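Okay, so chain A shows up in both of these, paired with chain B first and chain C after.
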Partner chain A sequence: MGRYAIRRLLQLIPVLLGTTFLINYMVWQLPGDPFAGRCGQRPCPDAYVNAMRSQFGLDQPVLIQYWHFLTNMLTGNLGVDFNQVPVSTTLGAAWPITIRLALMAVAFEAVIGIGAGVLSGLKRGGFTDNIVTISTLILLSLPVFVTGYLLQWMLGVQLHVVEPTVSPEAPIDELIVPALVLASLNMAFTARLTRTSIVENLRADYVRTAVAKGLTNRRVVGIHLLRNSLIPVLTFLGTEVGSLMSGAIITEGIFNINGIGGILWRAITGQDYTIVVPVTSLLVLVYLVSNLLVDLLYGVLDPRIRYE
Partner chain B sequence: MSEPTVTQDLIQHTEQPTEALAGVRSNRPRSLWRDTWDILKRRPIFWISLALLVMFLLMAAFPSLFTHKDPSYAQLAKGMDPPSSEAWFGYDLQGRDVFARTVYGARASIVVGVSATLLTVLLGGVTGVLAAYYSRWLDAIISRVGEMFLGVPYVLGGIIILGTIAPAQTSPNEVMIMAVVVLVLAVLGWPILMRIARSAVIQAKHQDYVQAARALGAGPIRIIFKHLLPNSLAPILVYSTITIGSYIGAEATLSLLGIGLRPPVISWGIAIADHTRYIRTGAHAMLFPALFLSLCVLTFVMLGEAVRDALDPKLR
Partner chain C sequence: MVEVLSEPGSRGTTGGALLEVDNLHVEFRTRAGVAKAVNGVTYTVDAGETLAVLGESGSGKSVTAQTIMGILDMPPGKITGGEIRFRGSDLLKLPEDQRRKIRGEGISMVFQDALSALNPVFPVGWQIAEMFRMHRGASRSDAKKKAVELMDRVRIPGAKDRVNDFPHQFSGGMRQRIMIAMAIALDPEILIADEPTTALDVTVQAQIMGLLAELQRDSNMGLILITHDLGVVADVADKIAVMYGGRIVENAPVHDLYRNPAHPYSKGLLESIPRVDLKGQELYAIKGTPPNLLDMPTGCAFHPRCPYKRDNCVTDVPPLNTVSGTRGSACHYWREVIDDSAS
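== the complex of A and B ==
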């Protein structure tokens, strides 16, 4: 286990280096002028462009730029954006909101997804099962933004149940609908995964043994079946926390939430790459670390799994 | 696909559902695909999705079959008029017929979805088979590179690549706009297909018939094309059908963000993006394209799932 963790940690390093280099390269080196349109209708004066290029190191070779980026990130220095505002200040205000949104989404996924999955898996081919199968199919084929605009239009504009947009402080009650939208796709996946897992484990020997011992139905399902069936589901939920953060770009855009996604979106439309690069790198780090943690957790949850 | 038929014929007599069907042509050799077809043709969901698929393909190929109106003809006086008997889906902001634009929008979405999937299958399939067949260092390199691309979530990756490339195109034509989106979707999506192909080939690689082929002196190309590829075909086919659907949704998402397809291309994503701000006053201009988009994604997802259930009867 210890050796496995160290090996995985070491494998993380080249992947992280590769991904951040890819991001740096794509943002700074691909065609397109980062300073185009920054000075209104006229082209930027050479003096401004040269000053900016030397401040952000664009006049240096790619690898040296990347080295500066790495050393800055490792020392916790996120730099300043094109308007000379420190990136860490902008991020500090936005993290809590996005994390709150993502946690609420995960909670919805877990409660609704697992609940629906268990109900449909226990009575395969029954009425609930068919309902769950059809509704997950529909959820899986609705793009997130369609669900978002549809709920915004129905609940916000037509029925006036909720506010169509979220206020700057983003209190929990206003985040319920956005969190449901963010969770919708993964909720369907969770329900299906739980169902498959329950169906598979229902035939397992240990379940038959538990029934044969005369245990109550509740104990067989609650203790024996659920604990074993939920292992893959938990790992799925864990892996998805990382990608929820970036999935929030769309949801935060629709409901006008001032989180990481909103910042990233404004930075990209405003072509402020000094924000895009560190924020995307951080998101990738979150994604990779959550994947690693989930892989390690797998062995703790299920002792039958042995790491080489 | 001819190797396992003998054993399958033996197994067949113990399996009830196939035995009932086998009565008529029990003397013919049965393949995996034949069994799949027999299961598929009895499932209504397969026929429903096939009918929808034919409709969308017709819409993409011959949009004038469905409407005689010009999707680019704008009457500003009719801007945002609600649905009426004259225009079933109403008019959009510029006074263009929403029904005509929705019908003409099918082409861009389906072309992008299908070609991005083909490119993904090509990239992911080749790398996956190579990684699994040659294993060792080539496998390690391909797997790590795949992880790098998987590490960039696709909305993020799409935004980064398209956000830098798209403004650089000065006067793009329709083909160029679509090609860039296709390229981005495939570049970000190939690692998943690589993993599917890789695991399918690794499973098949240690089967006796592959060892036998190798013992008979078959070269790597023959083993890969005759023995390994046919065996990884089923999971790749299922995944790519579902992928067409999700790529159509992804294209619309990127177009919504303003970095995917752009005018002069007509697409559902653009139509939705153009009218999100008018959701309070005229939701029809956005809801109808969204409905068609979701229906089209649903068609491919449903078809893929029907085929998967038929290919893999373990879970029924």
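== the complex of A and C ==
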């Protein structure tokens, strides 16, 4: 397993190089001059545009630009954005908020998703099962921005149960609704996956053995059945941590949260690529690392998996 | 648990055998119709006794066993009649909580395919130890020690080092030994082995059968051996119940049945065993196919395949006629069959 982990870590290097190069190249190729519109109603003077171009190295060949990016990233120097504010300052304040939001979302997915899935799987065709099936179908067919704006309008604007937007410090209680919105799709999918897995394993021979051993129903379900049924579910939850972070772009945008997603959202609309590039690169890294962790976790969850 | 069971059941003290299955009826209600899987099965097993239940797939032998264990899937399964008396009290009338305590403690079961019957994600030692932890409240370390002892007892080499291994890391024979270790962990009085050797190759089959016979001798438990393999039962069984279409068609002490079967179906089964002295001749096979449980033949279920068939076989269900002593045959013409087999 150690050798496998090292090999997988080494594989990350070419993947990271490839993706970050594409991000760098494509972002600066987007139409529109990021500096042209920064001077209010008047066009920017050539002197300003040229100064900015040379500051951010845009007058140099693509490969040189990429080399600068790599050396800067490896030395931990994220540079400054177009307003001359250090990018590391902006991101340093934002990461904790996004991580808090993502962890809350994962918790919702796991607790509500798995709970609903188990209940509906155990009593297939029952009342709970129907409720879960219908509500997950609704959640699955709604895009995140619809769920987000809907809940914001309903709970925040109409009913005044929560604040429509989150304050800059983003305390946990204000993040509950955004986290639910962020989790909604995966939560529904988790519930369905758990249900299928439970139904499938319920008739397995080892469950029958557990009953024949004279174990209580609670132990048969809670230990023997659940331990096997959760293998695919936990794998799914793990791989989705990465997409949760990028999904946070929409959610944080809607609820005006100053997390990574919110910053990325504003940077994209404001064409500030000095922020877009490092943030998307970091998201790629998060995605890759969480996938690696899931692959390693999989071997712990299912002893039949062997790493050659 | 013992107090409850030693109380005489409602009408359960008549026979006196340790386990009595009495006129059991089980059916499966499916969309295609009602499948009558078990139609009035009666047998008894006493301490130290081995009963072999013989029959082809769908004959109801496994369903009967699952009903005894209380692990029948209900629905679609439904017990429509009969009693299963264990130490005199009817298991079918016991509340689930008491029923559960009998599983593993009083009656325990070895399944056919140990790979799927063992939980893939827990170490084998843990799975054996679970019996002591859940039934006896043993601590983890004590239970594990006992698991190692049991693995030694079923002769798993290097038990101490293998106690933390997972089922997939064992060979088929070793897995079945673990299954057996788990089943005998709490010294049950009855052990049901449901085709314990079907998934194994022949040399391992013999070892497993030998192990079962030895364990039974040591602990004096009653053994119900469910199989479709006549060769397996000859050495270990005391008596045989041959099942066909959810009924017992013949029951007999094992040697009587081998010497001269009293039912055309058992006779056919015996004749279809390959024999060295008949080398070169065509192997006998019972013609036709097993009965469709959704649409059982009228009269005797075996009549469409029976060489002794007469008109009344199509209309009248043959009762289990007493042949002699404890022998019975559910054939109208058992005398003819037994005469033919004697010659």
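Assume the second predicted complex is superposed on the first by the 306 of 308 C-alpha atoms of A that agree within 3 Å, B and C clash if a C-alpha of one lies under 4 Å from a C-alpha of the other, contacts with A are read in each partner's own complex, and residues count from 1 in each chain.
Keep this in mind: contacts are C-beta pairs under 8 Å (C-beta built on N, C-alpha and C of every residue); 3 or more make two chains touch, one makes a residue touch a chain.
The structure displayed is predicted, hence computed values, not measured ones.
Considered on the superposed chain A, chain B and chain C are sterically compatible, since they fit side by side. In the superposition on chain A, contact of A:22 is made with chain B only, not with chain C.
In the superposition on chain A, contact of A:303 is made with chain C only, not with chain B. By the touch criterion stated above, A:3 is placed in contact with neither chain B nor chain C.
By the touch criterion defined above, A:205 reaches chain C but does not reach chain B.
In the superposition on chain A, A:42 contacts neither chain B nor chain C. By the document's definition of touching, of the two partners only chain C reaches A:219; chain B does not. The three-chain arrangement built by superposing both structures on chain A places chain B and chain C 80° apart around the Cα centre of chain A, to the nearest 10. Touch counts on chain A: comparing chain C and chain B, the chain ahead is B.
After superposing the two complexes on their shared chain, the closest approach between C-alpha atoms of chain B and chain C is 6 Å. By the touch criterion stated above, chain B contacts chain A in their complex at residues 144-145, 147-149, 151-153, 155-156, 159-161, 163-165, 167-168, 245, 249-250, 252-253, 256-259, 272, 276, 279-280, 283, 286-287, 290, 293-294, 297-298, 301-302, 305, 315.
The touching residues of chain C, when paired with chain A in their complex, are 69-71, 73, 100-105, 108-109, 111, 113, 116-122, 130-131, 134-135, 166, 168, 182.
On the side of chain A, the complex with chain C involves touching residues 203-206, 208-216, 219, 224, 227-228, 231, 301-304. Residues 11, 14-16, 18-19, 22-23, 26-27, 30-32, 36, 137-138, 140-146, 149-150, 152-153, 157, 196, 199-200, 242-243, 246-247, 249-250, 253-254, 264-265, 268-269, 271, 276, 280, 283-284, 287-288 of chain A touch chain B in their complex.
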